[in-house]
Structure formats: C-alpha cells, structure tokens
Amino acid sequence: MTTAVLTESKPASPTWQWFGDAFRRHPTAIAGGIVLAVMVLIALLAPWLGTVDPQALSPIQRLKPPSSEHWFGTDMLGRDVYSRVIYGSRISLAVGISVATFSIAVGLTIGLVTGFTRWLDAIVMRVMDGLMSIPSVLLAIALMALTKASVGNVILAITLAEVPRVVRLVRGLVLSLREQPYVEAAIAAGTNLPLILLRHILPNTVAPLLVQGTYICASAMILEAILSFIGAGTPPNIPSWGNIMAEARSLFQIAGYLILFPGLFLSLTVLAVNMLGDGMRDALDPRLARRM
Amino acid sequence: MKVVSASLRAFALALAFAAGSAAAQEKVLKFIPQADLRILDPITTTAYITRNHGYMVYDTLFAADAKFQVQPQMVDKWELSRDKLTYTFTLRDGLKFHDGQPVRSADCIASIERWGKRDSLGQRLAQSTESWTAVNDKTFKLKLKKPFPLTLDALGKLSSNVPFIMPERIARTDAFQNVTEAIGSGPFKFVKEEWVPGSKVVYAKNSDYVPRKEAPSWAAGGKIAKVDRVEWIYIPDSATAAAALNAGEADWWEQLPPDLIPLLRKNKDVRVENIDPIGSLGLMRFNFLQPPFNNQKLREALLYVVNQKDYVMGIAGSEANGHPCYSFYTCGTPLASEIGAGPLKGKRDFDKAKQLIQASGYKGEKIVIISATDQPIVHAQSLITAELLRKLGLNVELQAGDWGTLITRRTSKEPVDKGGWSIFHTWFVGPDMLSPANMPMVNLGEKSWFGWPSDPKIEELRQAWFNTTDAASGKKVADAVQLAAFRFLPYITTAQFIIPTAYRSNLSGVIVAPVTFLWNVDKK
Amino acid sequence: MIVYILRRLGATLIVMAVVALFVFSLLFLTPGDPAAVIAGDVATTDDIQRIREKLGLNEPFLVQFGNWVGRLLHGDLGTSIFTNLPVTKLIGQRVQPTVSLTLLTLVFAVLIAVPVGVLAAAKAGTWTDRLVMGFSVLAFSVPVFVLAYLLIGLFSIRLEWLPVQGYRPLSDGVWPWLSHLILPSIALGTVYMAFIARITRAAMLDVLAQDYIRTANAKGLSPRAVLTGHALKNAGVPIITVIGIGIALLISGAIVTETVFAIPGIGRLTVDAILRRDYPIIQGVILLFSGVYVLINLLVDLSYRLFDPRIRY
C-alpha cells in the first residue's frame, strides 16, 4: 500500500551537521519547532504562569466571560479556564508524545521481526489487518469501556490503533531493504539476524519513522479530543484541551470562549507538529519529501 | 450533460413532491425526548423515557392529579367494603386495546400482578393482597389480607414503575423479561414499523380512544390526542437540539440544559417554560458495606459542609431553576419539612466537619466517587462532592466513565480496590421522593437500594407509616422517619431543581405536570 | 487472477474471525452490564441478577461465544438486548444514511482534492502550492466536531441555508436528501480531502520527474494533456490506495459527524450500543465494518491494474 512507496530510501544515515543545515533551509519546520517548544515550556512551567488550581471550582462564579480576573473566563462549574488550558497542555502533549513513542517502539519491533520471519509474517499481518479494520475511534471507545477512564488508557487505546500502521510501514521497508545487495551479502556471509537488523535495517527506518512519529503525535492529540467528545476520553476532572472543549460543546453559541481557547491551543500545537514533520521529512530525505 | 439534465429533472420533481405533501399535511408533533427510547417495557425498566412511552401507549386504572389526589382513569366506579379489605372496580365503557380487543378484567389483573412483582410500592401491595378475582369482563375485586391504605395511591402511581394495563397475553410475560410489543389502550398507538432505535419513535393518534369528560390534570382527566401523529426525534447533542428547535425543525424539546435558556429565549417563536411544578431531587449516596462511609460520624461530617447552593448552581445553572431542599421528601409536597435539618441548613462549618472526621477514626482510606460524564446532572454533583472532600483533606478519587459503567459498578459490594465504590450521585423526579416509601430510604441491608444501608429504627418507622390511615398521623410518622434519617443519613439531598422545557409558540395546551404528557397538546 | 481473488477472500475470512474473537473477548471483559442498564435507576441488586439470568449473561465465555458463532453461521446476528429487534434489521435501517454520507463525502473529497493536488504539483514551489499545502495542514489541525459546529452556526443558524440536523431518505426526493448531507459531508470530508490532496501532489511530482513525461513534453503535447493523460493516470496507484485506507478514517469520523448532526447512521448505532453494552449490536457492526474495510481494500488492489497494466496477480 502506501508504505510501498517509501521503500526505496537511501541507506545513508543522516548526520547532525546535515540536520542543522537542512533546518536552516526550512523555515516552516523551525517555526513549528519553536511553537512546539513553547508549548512544552508552558506545560512544564504551568504552576508558575499565573494559574490557580485547575480543579478548584466555585459554582457561583460559573460561566463568566474573559476578564482581568479570569483571563479565559470560567466554565460551567466556575473553574478558571486559563488555568485549565495551561494545565491541559500537559495532558494533550503527553498523549501526543507518548502515543508517538509507544506506537513507533512497538510497531518497529513487530515490523522488524515479521519482516524477517516468513511464517510469523502471515499471522501477524492478519492480526494487524484485523486491528486496522476496526475504526480507531470504536476501538478506543471499547477499550475505554473495558477499564476506567484514565490518561494511561487514552494513550493505550490510541496506540493500539496506530501500531498496525507503523508495522506496515516498517515491514515494507524491511522487505525492500532485504533485497538490497549489501543486506543480501551480509546474510550470505552468515551474519546473525539481530546484527543485520541492528546494523543495516534499523538505521534506515529512522528517517521515515521520525516523520511518521510527528504525524502520529498530531493525530493522537486530535483523537484525544474526539474521544472526549464521545465521552470516552481523559477523565473529566483532569483538564485536557480535548475534554475542556468536549464539556463545553453544548455552549458553543453561548460561551464560545470555552471552546475557542483550548481549540486555539490544540490547533496551534497540531499545526506546529505537522509543520515540524513536513520540515523534517524534507530535511531528512528529499526523496521522501515528494511522497507524503 | 445528459446526467446533469436528468438530475435537474429529478430535483424539480422532488421539489414538486415536497410541495404536494405539504398541502395535504396531517398534524405532526415533532418532539425531542429527554433520552433515547430503547426498552419498550415499562415494567422491566424504571427508565423515565420508557415510563413516558408508557403514558403514550397505555392507560392506567387510576391516576394522580395536580392536587396529589388519586382519581379514577380507566375505572368508572369503585367501592371499598366496610372492613377495608375488599375493593370492587368497574371499568369504563368502550375501552379497547390497539389490536381491537376490548379491555377486560383479566387484562387488568394480569397487568397489576406483573407490576406487583417489580415495583417497590407494588410489592407492598402484593404482600397485603389475598386475591384478585374477575367478577365479569368489566368488574373485578381485590381482596386484602390486611388493610392497605395506599392501595389507590399504588394503582395511580405517577412515576416508575407505573401500573399500566396491557392485554393479558402480554402481561403474562415473566416480570424480568422485556415485552416486545407495545399494545395498550392509551391515546396513542405505537407504530413499530417506523421505530428506528437511537433516532426516531413514531406514534399515531388512537381514534378509538374514549377520553374521560374531566379536564386533564397531571395523569388524570381526559386524555385527548389533538395531533394525528407524534414523532420523537432523538438528538443526542444538545447544541444540535437547540439549533433544531430554533430553526423550527422540531416543535418541542422536552429537557434542555439550563445554560441554553438564554439562547432559546432570544427566539420569539420559542417558549421556555418550567412545566414541572415540583422538580427533581439530586442526591449523594454512600456505600454502607465498606469503610469509610459505613461510619456514621464520617457521613455526618459531610452534612455540615455540603452546600446545596453549590449543587443547585452546578446542576441548574441559576437560582431561577433550582433551590436547596433541606428535607428527605420533595420540597413543596405535603410531607416535606425541615425537621432535623439544622446541620444541613445552617452555616457551613468546616471545623466541625474536621472534628467529626477525627472522631470517626478515619485513617486515610481511599474514597472512590463514581461518576458518569454522559449524565450532566450526575456529573456536576460528583465534581462538586469530589472537590468538597478534597478540601476536607480526605483521600478522594473521582472515577468517571459512562452511565452504563456507573450503574454496573454501583452493584458491586466489594472494597474500592476491588472495583467497589464509596459515593455515587443520581437524581429522582419529585414524585418518586414524596414519602418514606422512596427507594433510597429503604434500610433493609443487602435488600436495600444500592449502598445497602441498614437501620432497624428507620425500617420500623417506615412500616408504621405504610399502616397509617389518615393524613395527620401519616405526617407525624413521616417526620419521625426524617428525624431518624438525619441521624443515620442513608443519603444526603443535594438540590432540588427544575429541568426546563422549550417549545415553539404554535403549540398550545401543554400540560403542567412532573411527567411530560403529550395529549391535549395542539399544533397550529 | 481468480486464484488471487479467492486467496484474498480466504484471508478476509481469517481477518474477520480474528476481529470476531477479539471483539467478543473485549466485550466479555468490559465491566458494563446490560442488565443493570435495563433495570434502570430504581432497581435492586437482586432485580439485576434476575434479568442477567433471563438474558443468558451468566453463562461461561465459551458457551456464549459458541452460541453466537453458531447463530452467525446461520446468518443470524442475534437480537438487541434492549430493543429486542434483530440486529440485521437495526443495521439495515441505518445503512442508507451512512452509505450516503460516506459516498457523498468521498465524491466531494476526491472531486476537489485530486484536481487541487494536481494543480499544486504542476505549480510546485509557487504560492499556489504553498497555499494548498498550508490549507491541508490546517485541515488536519481542527477536530471534526469543532468544524461541524462552525458549519451549523454559519450555514444553518446565521444564513439559514441548510437544515441543522437529521437525515431524509432518498425516497423523499433528491434535494431533501442532499440538503441534509451537505454540511456533514463538508465536516467529515475536510480532513480526508487534505489527505488525498497531499498524496496526489506527491504522487504527481514523482511521476512528473519520470523520463516518459519528459518525452511527452518534448513531443509537444499540451501541458494539460500531459498532466491529465499521462501523469495522473500513472499517479493513480498511490492515490487509489489512500482512498482505500481512508475508508477506515472516514468511518471513525462518521461516528462524530453522525452524533453532531443527529444522523441515524451505523456509527451512532455502534457508539450507543457500546455505551449501553448492547453486545449483539456491537459484535455485528464491528464485524460488518471489518468486512467492508477488507473488501474495499481488495477492490482497491484489483483496481491497480486499471492504472498500471504491468501489475499481475
């Protein structure tokens, strides 16, 4: 499938020198990187950014529009939306980054192994096909229903939905790489499998997986919001951009700011991550650049 | 090009069709219900949406009116023997089921007996019942073992489970198994072929229905269907429902989130009203089988800090749609009083609460509050309580899921680390909470409602209340129950609130009642 | 070719069996109890136990799974625990809205995205290209429900051009049908469109760099003829692939879209069923989804031949 398109990437691994140069040539990637860095800083420094306890509620103070006291207004239980949005960055970023990391780690492992083990390949790929054929939102809802709502479960659910895609990508890469003369030579020379994987295959998956990782990260943050919308997302007392929006959705005509602020933060971050991904793709592999 | 012109022609044809059908239009009431109708059987489930469906399709022997008085509905005449042990009921003329069969005594008896296996008040009646016998097709007798003063109140019960009358062949279904047909003798017929669960329920006017002569009052009086067809359109998203009502795509939205009132008030073609005269009660329920709330002192601690005004705001959005209720019975109804309510009503006292927590010997046991994010009324209460407990320094964890998870989890009697729970919240419509008969007041240990409180004193008083025969002594015993309850605390009332309704101004005749009735409503 | 199709169909069955077992075990482990949902708020623990027994939910896992598979082999998906209607009927009621919505979205997305992608590729590096790519990234960054509310706010409430919600069957006429689907399709299709536009652009760029395109240009064919006649046809494989993969994406999005616009489709049916633990519906629908997904991807694979006669099976 699409992964087949990616199969001819060059064997050379990127150097940091090259990395830096390329970034200078791609201003959108830099812009994306900066915005993302700012978001990460906001998440880390949340307690020192003029916030109050994001869970503290005061129903008397409910649904106040933005003011000097509550910069982003208050929600239906009188919680400070500014504090919730700032603290929410922690959850949304954690979900995005963890899903990207875990799904790539798991997908890479499975993909590498199956790409080299014929008998396992058929079984694993059927299971992956099965997982892929269940719409990810449904899979996530079912998993959320299985256990109680928690950030960990959101991450698990989205990861499970993303893994098959990574497996397909990696497997495609492996299948084409093993036809390369230098890999065939290594196999002929009797080099053992783990070494081949480590030395010849793994380095070549770095570039496409980094790029893929940013896209997964971006789509995981959006999916987290969608899960909250359906009521299967992050537990409601812990703010995330997704569930702030989801809780306030019925009020979009009355208190639009409740959706506007978390929405802006979410969109901005997803935009930044996507831009970073596009830039990295261009920088790391010009050939790949034209493909995605 | 051919394709384009063909589709244009189809388009023109479609427009012509739409215009044509509009001319010959029957009166269709488009109603956005509070929930999706899933279960057709008003006896197996206590869900309010199924109860409302029941009122469309079925009729009742007796019915409560706006003065809390029970009036005959399907029954024409009735009498009670001098020893208060034998009731004789005679049905009105012309009662017919939707399948064309007449309503007979046997249908009524089978229906009441099935209901008596499920409903709490119905079970009380069944325990006092010696026998039901049909004298002829229109007259039947109820023989009691001992006098049961609430007999007519039970037969005219307003809210879940309502003793609806079904045909005998259907009423013979096991009381724990759903009936799959909806054939009643009520003012509307259920159109099963057009039912799309999750989206649409269709009712057609029952032109054979013979209404009573009296004016409608709550469930009593004449039930006249004034529209030809009622369509319940379930819209799960409240923002969309508001937009649909504003755009005239629906005529009536049964329950709207109070925050959307200003949005609908802006539209001069829409009326926002409180048609429920008594409202609903929110409540906080403890688990009495597990620490720490098996400890009376800890429950009492909460009594001093629960601020009903917070709950009112959280649930109802403004003071216009709710108020505190410092009673175990629905405020504004005959038995409600503030006897013993001092600690709940007085100044909120965190020091006193902390003293009580200390005295209770609380050792930091984990408290799990279970909540449902898809139920705004439940969820708002849970968030407020969680925050309150956190402020008291208790070790609290809010575990939220969907309603389906909550009502499953609350059946667990295990400790919190094995899937159990410590507190949950829910709400009941006012008519379900009128008296010591209310469900959360049952104190029979494991036989009680979820939470399983056990207090022999309260049970003894409740039993006495069931046996009282006049209003004055009933009130006295109810007060005693409340006093005992404020000491033992089987639950804490959190708020009384009204869920507003909104309809297009071309509707008239909307009945003011704690249950939404769709008869008597006309559409211009 | 026939052998290939048979082999793929065989694989489909295996995939569906995997899905069936997976879903069934997942549900078995799910801590939701339809009996509790049926009983409602004013019930006791004993009532719920009695209802569980009546529903056969107290049977061991293997017995329940065996019963279900047994009925499945007879084409019976069971009956809904709540409505007591056959699952096949419940799905049948809802096929038309979902198929209408996804097909319309597909048509709309492909009709816009492919030309735009081709345009971006033809003008690679210009502002047109950057604008297209910029918009596509932006489209990825807005959750579908936010977009849906914005559309309702603007087109239904402010401008009053289109209905807010609901679905009308095609038998009610083309315009009533279409008018109820325009906003949902836009909401649902935007991400998908961005996705296809990006892939089209990339695939086109790839093809445009090939020797035979240079030859065609050198022969003096008009740039338009080169683009649509030669290049687009050769870029077809990746584009079609993405459209196939996107079906799963579309179904995920349809769940949210159907909720916001109150469209009685299959996505909504599934979410409702999960929230109420109506097991037979969940199992039936997910099985259906996976079957459709696998079949569409089989069709996609077969269609490769249309674009690239070199492909043999």
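Quick notes on this structure:
Order as written gives the chain letters A, B and C; numbering starts at 1 within each chain.
Throughout what follows, contacts are C-beta pairs under 8 Å (C-beta built on N, C-alpha and C of every residue); 3 or more make two chains touch, one makes a residue touch a chain.
Note that the structure is a prediction, hence the values are computed from the model and not measured.
Here A-B and B-C are compared, and the pair linked by more C-beta contacts is B-C.
Farthest from subunit B, judged by the mean position of CA atoms in each chain, is A.
Subunit A and subunit C have centres, each the mean of its CA atoms, that are 21 Å apart. Centroids of subunit A and subunit B (each the mean of its C-alpha atoms) stand 45 Å apart. A straight line joining the Cα centres of subunit B and subunit C is 38 Å long.
Residue positions 31-32, 149, 157, 259, 275, 277 of subunit C are each in touch with at least two other chains.
Residues of subunit A in contact with at least two other chains: 145, 231, 249, 252-253. In subunit B, 237, 239, 243, 374, 402, 404-405 are the positions where the chain touches two or more neighbouring chains simultaneously.
Residues 11, 14-16, 18-19, 22-23, 26-27, 29-32, 133, 137-138, 140-146, 149, 153, 157, 198-199, 202-203, 205-206, 209, 238, 241-242, 244-245, 248, 251-253, 255-256, 259, 267, 270-271, 274-275, 277, 282, 286, 289-290, 293-294, 297 of subunit C are the ones that touch subunit A when the two sit in their complex.
Chain contact summary for the complex, subunit B toward subunit C: residues 7, 10-11, 13-15, 17-18, 36, 38-40, 44-47, 50, 118, 120, 160-161, 174, 176-178, 180, 195-200, 233-237, 239-241, 243-244, 246-247, 249, 374, 402-405, 407-409, 411, 413, 419, 426, 428, 432, 439, 446-450, 452. Interface of subunit A with subunit B (complex): residues 55-60, 62-63, 76-78, 144-145, 148-149, 231-232, 235-237, 249-255.
Subunit C contributes residues 31-33, 36-48, 50-51, 53-54, 80, 82-85, 90, 93-94, 149, 152, 156-157, 160, 163-166, 172-176, 259-262, 264, 268-269, 272, 275-277 to its touches with subunit B in the complex. Chain contact summary for the complex, subunit A toward subunit C: residues 1-2, 5, 126-127, 129-138, 141-143, 145-147, 218-219, 222, 225-226, 229-231, 242, 245-246, 249, 252-253, 259, 263, 266-268, 270-271, 274-275, 278, 290-292.
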